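What follows is chain A paired twice: with chain B in the first complex and chain C in the second.
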Partner chain A sequence: MNRRLSAAITAGVILAVILAIYIGGTFLPESALRADFSQKGLPPSASHIFGTDFLGRDMFTRTVKGLSISLVIGAAASVISAFIALAVGVTAAMGRGWVDHAVNWFIDVFMSVPHTVLIILISVALARGVKGMLVGVAVTHWVGLARIIRGEVMQIRGRQYIAASRRFGKSPLWIARKHILPHMVPQFFVGLILLFPHAIMHESGLTFLGFGLPPEQPAIGIILSESMKYISGGAVWLAFFPGLSLVVLVLLIDKLGNTIRYLLEPREAQL
Partner chain B sequence: MLLEAKNLVFGYERGKNTLDGVSLAIEAGERVALVGPSGCGKSTLARILAGQLRPASGAATLDGKPLPLRGFCPVQLIYQHPEKAINPRWKLGKTLTEAWSPGDEFLSELGIEKAWLGRYPAELSGGELQRFCIARALAPQTRFIIADEISTMLDVITQAQIWELLLRVADERGLGLLAITHSRALAERVCARVAEFGDLR
Partner chain C sequence: MKRIRKIIAAAAALTLAVSLLAASVGCGPSAPPDASETQTGVSSPVPAPSASTTTGGGESAATPDGDTTAAKTEVTIGFTSIPSNYDPLTTGGHGSYMSLIYSTLVALDSDVNVVPDLAEAWEVSDDTLTYTFRLRTDARFSDGEPVKASDVVFSFNTMMTAEGAEIDLNAIDSVSADGDTVTIKLKQPRSTFILDVAGIGIAPEHLYSDDFGQNPIGSGPYKLAQYDVDQQFILEANELYYGKAPQIKRAVFIMMSDEDTQLIAAKSGQVDITLTSATLAATNTIDGYNLLVEKTVDNMGIVMPVIPAGSGTSALGNPMGNDVTSDVNLRKAIAYAIDREKLCRDALNGYATPAYSENDGMPWWNPESVIETDVEYARKLLDDAGWTDTDGDGIREKNGLKASVPVYYFAGDTARQATAMGAANQVLENIGVELVVTGLGEEDVMKIMVSQPMVLAWGSANPITSYYLYHSSSVGKDDWYDPESFGSPVVDGYLDAALNATSLEEAIPYWQKAQWDGTTGTSMRGECPYIFLVNKDHLYWRRDGLNTGEQMIHAHGAAWTLVANLKDWYWES
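Moving on to the complex of A and B:
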């Protein structure tokens, strides 16, 4: 089995796991999360592998549900972010000198403000909830990718085949579409996927702090902040398993991003 | 047709001119070689003559008119490194037809095999790629070819083949040719007139 094939299999397996979490969480019957006081506060066992909480709800079910909410918000936010990054990066690189300067200055200003503070402000301004969270994460995460795309476009713009194309009478728009944008595809997709874990972490962090999703939604952030009250009583499983699942999911997506980069650009990325 | 450089002045840095009052004229059907040491400004002159760079003063003209800024440029430049002058993400068939669509006969004349058209640049050798660069530059509207060290990176047999086929097409169509090279032997073999870069002032 060569490295390319094994990378493709890795990517496939990770995608399947992510899809399973999404489908499992989204199509979960309402009854699965119903409180059952006879099962209250049970440690992990064969019937409840992540244990149960103080209302007798199965923690595994809640974790899957929470992760699927995180996935949806993370996916939406990183797709929006990546498209902003593409637009800003290409504009900066293709525009005149002052456009580039203005965009760079704006990116610097953006980067100088801590993400978390900015997301809190935006989320609160939009009355929290899914909308506030989504917009907050989406409009703060494009900066790094925009820089990368700008640099990449500038590099490609100076190539000899672009100069030759211009002398063949091709218009700047044609050159941007046919020569430059196809070169951005790997950067764009890998950047998008690598934004994903960031977005999920910020979503959970903010929800944990109470600026994100409302308490009735079993997001991972909510589960973790609720569990804080019971940890001192010895119910460590309430925080440990959901927290671990979040970390594992984030690492899986990160691995997926790097694997896809390897598949798209085998020369530049080492696995 | 006459390709002329008149009193070209150009510098990449302020106050440091790479070209300082350079003049050169090439007529249609004429072959001129340009020799000179590394870094003296031969390639800069080539880029100005092909309309890629604008001189600080002086002008590059074709029949007395400035080179067109838009549309196909009748002065085409062929580079030293074919692998840099070809988009690595395009199959060669696409690269070949970017400027015009050469016929099968023309391709076989240039020694381009049909099978290469479906491949990517990384799958061909430098000499094979250079044939594509030459074919691409030899569109029907082309009047002048500037060959900037086009054979330096190739082995001697390929060098001979590349020049043989370029000269044949240039003769058939009466194209003007400016060959930039380090090699005096090549310059004298290929061209009727050899211009020393230092004497162009």
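Moving on to the complex of A and C:
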């Protein structure tokens, strides 16, 4: 089996896991999260692999539900963020000198602000909830990718076929659409996927701190902050398994991003 | 190379997991320290009492070492409320610092009897419009000045015009002093007036100013020695107190609002007594501490809008009414379908008793408000009212309307959540009505509570609570008393009669009839605007040897009700 095939299989497996979490969580019947007082506060066992909480709800079910919400928000936030990055990056590279300077200056300013604080501010200003979280993560995470895209565009801009197009009298917009954007596809996708775990961590982290999703959402951050009440009483499984699942999911998506980069640009990426 | 990467990845995973558990956000360094501290509790150590010595003007705070030396006179209390204002005339009322720092004309004993305090005797005229209080002459404020009748007049007059006062004194016509007597004339009879008087602290006229709330001086058993915003306050015995000198000379109240913080504080011996929850009480034991279980009238129930949707909007413009819960048969069916004993065991580990009204066990309670669980009757009510399960999903419908409503609770209140979920399980299983239990932030609750069921808690030592809850005059106001929009001419009649009765005793039959008069009433046998569920026990970790005296049946709120009799506490030798 060559490396390309194994990479493809890895990507497929990870995608399948992510899809399973998404489908499992999204189509979970309401009744699966009902209290069952005959099962309350049980440590992990064969019938409840993550244990149960103090309302008798299965922690594995709750975790899957929470992760599926994180996936949706993470996906939406990183897609928005990636498109912002693409627009800004291409504009900077294709525009005149002062446009590039202005955009770069703006990116520097943006990067100098601790973005977690910025997300909290934005989220709170938008009354928190899914909207606050989405906008907060989306508008703070495009800067890195925007820089990369700007760099790539600058490189391509110097190529001869671009110069030729220009001589033929094509407009910058036409050149950007026909010659530059297609080259950006790999960076764009890989950047998007690598934003994904970041967005998920922010969603959970801020929700945990009480600045994110409202408490009625069965989000992973809510599960973790709830569990803090019981850790001192010894019920560590309430935090450990959901927390670990979140970390594993984040690492899986990270791996997926790197694998896809390898598949798209085998010469530049390493596995 | 690959193996090293794997090891690094595993290490990274572990680090991430650990840092996640330690309340870090994705990007650790920029996590706001304040936020993580307040939210987790685990990472925020209990503010050690000794930390306050720097701000305490050289006064050393209680030592949290847990030494049980002979004749201990100090107590450290893990508390959930640190007032920022101790002005008795603009804040407070029942269930606060009032009985600790201030004298009241009359007080309530542990059996809810009205007993003398600052007034050694009082008389009520035959028409019950004139109350005459004779003050004791040995009472002094903690600054040494005697408590005069003019201070009482001043306090009442100030409170009548103050904004934010929690006691409604509209019934008062005039307050006047003559020597050692204070005469209060009422515009109309008011049976609860003497209970109102028991909640009014007397402030010194000669010291009263705008910042009196930060520098309070009273004539009660304790005086405020120190106060640190949101952290702690310290009471010391008032040597000039006219009553029996308290054995606890110094009480340190430390802010700890989280259940886990309270548990850790007790486990590490930092507090002598602190609150806890039914879950933690059932799953923990602490060496050197016992679990204090106090019975309460702190009832939890689901309040249900009794008017249909489209019944207009509330004062703040929120749409009122609910088409499902406006059917009285459906409300009663829910009430009868719940096995409350089971609910107490299931949801609160037995630390609760069944609740049937907002005032179970109080003198003005109607014992006929008790209902037996009767699932057959509940089903029949629904069948007769046209609620049947036509599509076989286990939930009844009527004319296309599903018997399914959300039930909101304040997110984070685990007792309310568990109780509501337990009730919802029983209701769905027994009668096919779905209650979807949903947590909500307090700011959002205000908007939906006039149109959706929610879990509320009541319980006070004053029957006027029933008046506020059920009298039609409060419909449409966006306050906690009337989200259900209940009003009935019959009940209004009883409530008015009760309030206008000439004495507490005379009012009792009316209060009881308002609950159930044989045909109607506010109880679950009658119009059933509230599905009462449980009276939740108040639970505390108490250090062995601390005697907390004989406590009055606890009203709503576990903090102030515990310390109301602090002057009777002592350490057993």
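The rule is simple: the second predicted complex is superposed on the first by the 259 of 271 C-alpha atoms of A that agree within 3 Å, B and C clash if a C-alpha of one lies under 4 Å from a C-alpha of the other, contacts with A are read in each partner's own complex, and residues count from 1 in each chain.
In this text, contacts are C-beta pairs under 8 Å (C-beta built on N, C-alpha and C of every residue); 3 or more make two chains touch, one makes a residue touch a chain.
It should be emphasised that the depicted structure is a prediction, and the values quoted were computed from it without experimental measurement.
Asks: First (chain B), second (chain C), both or neither: which does A:Tyr161 touch?
Replies: After superposing on A, A:Tyr161 lies in contact with chain B but is clear of chain C.
Asks: According to the stated criteria, A:Gly205 is in contact with first (chain B), second (chain C), both, or neither; which is it?
Replies: In the superposition, A:Gly205 contacts chain C only.
Asks: Once the shared chain is lined up, is A:His179 touching chain B (first), chain C (second), both, or neither of them?
Replies: Only chain B is touched by A:His179; chain C is not.
Asks: Using the touch definition from the top, say if A:His101 reaches chain B (first), chain C (second), both or neither.
Replies: neither
Asks: Could you tell me which stretches of chain A are touched by chain B in one complex and by chain C in the other?
Replies: none
Asks: Considering only the defined contacts, which chain A positions touch chain C in the complex?
Replies: Counting only chain A, the residues touching chain C are 30, 34-37, 41, 54-55, 114-117, 120, 198, 201-202, 204-206, 208-211, 214-216, 224-225, 228-235, 239-240, 243-244, 246-248, 250-251.
Asks: Under the touch definition given earlier, write down the residues of chain C that touch chain A in their complex.
Replies: The contact residues of chain C facing chain A are 9, 12-13, 16-17, 20-21, 23-27, 29-32, 35-36, 39-42, 258-260, 263-264, 267, 279-280, 283-284, 345-347, 411-412, 414, 417-418, 421-422, 424-425, 436, 438-441, 444.
Asks: Quick check on the complex: what are the chain B residues that touch chain A?
Replies: Interface residues on chain B, with respect to chain A: 50-52, 70-73, 76-77, 79, 81, 84-87, 89, 98-99, 136, 139.
Asks: Considering only the defined contacts, which chain A positions touch chain B in the complex?
Replies: My answer: residues 159-161, 163-170, 179, 182-183.
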